[in-house]
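Next come two complexes built around chain A: one with chain B, the other with chain C.
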Partner chain A sequence: MKRQFVFRFVGVLSLLALTLVLSLSFGATDALSPGAVVDQILTGQGVVYLFRLPRALTAMMVGLCFAISGLLLQSLTRNPLASPDLLGVTAGGGLATVIAILVGGALAGSYITWIAFLGASVVAAIIWVLGRGASAQRFILTGVALSALAHAVITLLLVTYAPSAAEAMIWLKGSLFGRGWVHVKLLLPWVGFVCLGGVAVAYQANPLILGPTVATTLGIRLSVLRPCLWLLSVAGAAAAVAVSGTIGFVGLIVPHVARRLAGPDLRVSIPFSGLLGAFFVLLADTVGRVLSPPLEIPAGLICAFLGAPYFGYLLVKGKTDI
Partner chain B sequence: MSLEARDLWFSYRPGVPILQGLSVLVPQGKITALIGRNGCGKSTLLKLMNRLLEPDSGGVFVAGRDLRTFGTKELAQTMAHLTQSPTAPAGLTVKELVEFGRHPYRGFLGRATARDREVVEWALEQTALVELAEREVETLSGGQRQRAWIAMALAQDTEYLLLDEPTTYLDIAHQLEVLELLGQLNESSGKTIIMVVHDPNHASQYAHHVVCLAEGKLLREGTPAEIFTNAHVEELFGVIPQIFPGSSPEKPWCVPLRTR
Partner chain C sequence: MRAAAGYRPSLVSAAALVLLAGYFTLYGGPPSADPQYSFYQVRLPRFLSAVLIGAALGLAGTLLQLATRNPLSEPELLGVNQSAVFCVVLLLLLGGGSPHPAFMLLAALLGGAVSGLAILLMSASGAFPRERLILAGLTMSFFFGSASSGLLLLNETNLFELLHWTAGKLSGATWLDTVLVGGCLLPAGVVSFLRAGQWNVLLLGDDQARGLGIDPVARRVEIVSLAVLLCAVCVAVAGPIGFVGIIVPHLASFMAGLDYRRRLPLILLMGAALVSVSDVLARTLLHPAEIPVGVLTALVGAPYFLYRAQRL
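Then we have the complex of A and B:
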């Protein structure tokens, strides 16, 4: 890795660490000193260990999953606008969850993560079957169409079942409220899968930026690589959606920033994207918690508020490959 | 090693064959030009030769071995293929592009060996791109860009170099620059070069062997002197040409005067 990347990597890592400290110190109750934070973590007691630490870890893992998922999708489709949101993977998770909450009510609560995961996977499978073997454009269009369909059905359900829609609405906005150690345990294997898988495919997927034909002439077996990339990105997005709901923008913007910081080599940009995603969602959640307690602003909203101006900035600077 | 296409049949849509029983033996260590009208199947033949397409029947053989039995990396170490007007993404430098040529030689995680670095340097030298190595491909002129792609193909260190219309979109000076480069590479390293070209003079001046395709079949093949005669050019392209002997009788000039 070139020296400039090492500096930047350390920079991102420091930002993440700083945000983590802030996230653990501040909350609905009084701010805690760093000593008290460490003390609570070590003794396994208090608000930090029971609530803030698992929530922060969940936020980081969700961000990492969305960001790496988006980067792999953008590499797979060779399109900088591809993301789990655009392709309908998160909408699939959202639709399944809304149905479960509206139909099952309280019963759905404990199964919600698995239901969301299932919904995202089903939509992903449909996109793969319909768009398989076709051009990247057709693949994306299939996803966009399914995403729109899923959103339409979600809206229809929410309007029809208005009284019980509030809970589903909160979930759809993407929030980390009340996430605890159980969610950390649930996410951990998927984070491992996405990270290790990402490292494993990174080098093989690099030639895709030159287009599928050139990649083939360089000895890349697309029939193996493409399903691997799709599987990894869907697994990441589905796991993240299952735990946090549909936090948008992360899978779109973070890979974009990562590529600008780390260059086109996926072996460098995947770790960057993961760390930046973790930082972004953790920051969004922390800001949402401390802005106007006891009211919480969902992390998904903060992400959108922070994300949209970034594109404005890109447009103004004229520095974009979109 | 020899490269041979035997009785190739191919169609994009069922019932509309593009290639109809085509057989070609590519001469070793020479430059071969594939010429013919639009849609005659020359680009398709090039893609079949590099297994970018699978024939309906017949096959392509390297040293008598069916291309279908090659591993993907093995094939990429045997043949490099410069596709028609490829595009590099923004931000990619010349050196990064050329390093992609070493992809088929690297392991799972892509650690570069001393040999990899050596070949990349050599490829940059051959294409006179050493000075431009850190420039972004996007910022280069058309001719330099095409040289960068050729450098990537060279870094693949293959016996065969396949090029699909390597001079498209280039001005005449850059066209000649690319063709002269191919001539030098063939002479210095004995690389077998197969190129699809549109300009008959590019074939007559730079190729040793010319293969003429018409409607998916082999019309004729031979040296430039054999191919570029009034009757043959008229039959192949449907134009009335004037043939000039040029500096050597081996390499006649061909000026298309008008359509028939």
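Then we have the complex of A and C:
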């Protein structure tokens, strides 16, 4: 890494650390001093260790997964506006979850993460089968269509099973409410998979920017690389959706910021993207918790409100190139 | 221009479908205690609203596709519907109770104008090929959708009623609704027929249009404004009903060719047929429960979109 990247990396890292400290200190109860926070973590007792720390960790991992997933997806489709939210991956997870919550009721609670993961993977597989081939445009539009279809079915289910719809709607909004150590354990292997896999493909995937022909000429085996990219980005998004529900705009916005800070080289922008994603979701969750307790604003909503203006700025400025 | 596959038969069959849906809406269903009342105050306005909304949505989709030069443009996918919904939900929550439909229309217009402006900017720069425009529009749609459902969640009191409305519904349509939609559709339709010749030229591209003395930018502003007006009134009356605006123009151009002078009547009729038939199905398929008509059109429209995407 060049020196400027190292400085920026340290900058992002300290921002993340600062947010983490704030997130652990503040909440619905009185603010804790840093000493008390450390004390509670070391003794493994109190509100910080039991609730705030696992929730903050979950938020960070969810953000990391979504952001890296978005970055890989944007490289795969060579389209800066692609994101797991729009291409049907999160919609698939949402559909499976809504079915589980509404049909299965209380029974579904403990399996919800696995059901969501399964749903997202199934839809991702369908998109791959229907949309693969030379044209990224077709791939994207296939994802868009399946996403719309899934949303239509979700709405149908919500309206037909209205009494229990609120629970499903909250899940769909994307919230980190009540996430604990169980979720941290669930996410950890996927975070590892996405990070390691991301770094591994990064060495191969850079030439994709230049188009399929040039990439092939440079010795990249597209038939292997493309499924790998899709697999990684789906794994990240599906794991994140399974734990937190659909937190949108992270996978869309964060890769842009990461590319601005780190340049187009995936080997640098993937770590940046992961850190920034973690920072973004953690910030959103903390703000949502602290703004007006005891009412919690879902992190997905805050992400949308933070991300949309930046997206508008990108569109207006025409800075939507990879 | 593509040859027309069958102009007159398709006009006739669309009209027949509308009549059929009308028959089922007006005379079908269980007999009511007060036939006079249910016929004039419930069924007739509902049927007429469905017809007018369908025609308006078909026209709106056509207009957006023309303005963006993108065959996949559609009010729901470009975010026009959802931004209008957001403003209406805001009004409903701030105003409390049930405000006058005219105010809802104003709110929907305000919201629709936001995404209309964005669409104009994006189609003017020319840097937005098909899938990018759709993705940008979807992102707007996604944002406004999550913002309005966030508002709904934070204010749970009338969640169910609003939830039903945000799925697109025609139940409870009144004469006022019918008049509102008709009042917006009539001028929009008249302007469309008057401009149809110029729009044909716009299809050739901006340079050709300029060469023939037509200002493409001014025309585009006009077209998007009309589309926003139509979408806004439909949202204010019935909530977001998606995908009518993509199925109808495509079918119509398949049947009637690209000439707007021939295509417009067919678009209006086909839109009316699609929504009124969907409404009949929405009431009967899961009887006694009612499916929101917007869900039904999306269930038809999304596979069609998928099919179109495969053929690109």
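Assume the second predicted complex is superposed on the first by the 314 of 322 C-alpha atoms of A that agree within 3 Å, B and C clash if a C-alpha of one lies under 4 Å from a C-alpha of the other, contacts with A are read in each partner's own complex, and residues count from 1 in each chain.
Keep in mind that, in the parts below, a residue touches a chain if its C-beta (ideal position, glycine included) is under 8 Å from a C-beta of that chain, and two chains touch if they have at least 3 such contacts.
These numbers come from a predicted model, not from an experiment.
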item: First (chain B), second (chain C), both or neither touched by A:L15; value: neither
item: First, second, both or neither for A:G219, with chain B first and chain C second; value: first
item: Touched partner set for A:G211, first chain B, second chain C, both or neither; value: first
item: Partner chain(s) touched by A:V122 [first = chain B, second = chain C, both, neither]; value: neither
item: Contacts of A:L149 with chain B and chain C, given as first, second, both or neither; value: second
item: Partner chain in contact with A:Q137 - chain B first, chain C second, else both or neither; value: second
item: Touching partner for A:L301 - first (chain B), second (chain C), both, neither; value: second
item: First (chain B), second (chain C), both or neither touched by A:V290; value: neither
item: Partner chain A, residues of chain B touching it in the complex; value: 50, 52, 72-77, 79-81, 83, 86-92, 96-97, 100-101, 103-104, 106, 108-110, 156
item: In the complex with chain B, residue positions of chain A that touch it; value: 199-200, 202-204, 206-207, 209-211, 213-214, 216-221, 263-265, 267, 321
item: Complex contacts: residues of chain C adjacent to chain A; value: 72, 76-77, 118, 121-122, 125, 127, 129-132, 134-136, 138-140, 142-143, 146-147, 149-150, 152-154, 156, 159-160, 163-164, 167, 242-243, 286, 289, 291-292, 294-295, 298-299, 301-303, 305-306, 308-310, 312
item: List of chain A residues in touch with chain C within their complex; value: 79, 81-83, 85-86, 130-131, 135-138, 140-142, 144-146, 148-149, 151-153, 155-156, 158-160, 162, 165-166, 169-170, 172-173, 248-249, 252, 295, 297-298, 300-301, 304-305, 307-308, 311-312, 315-316, 318, 320
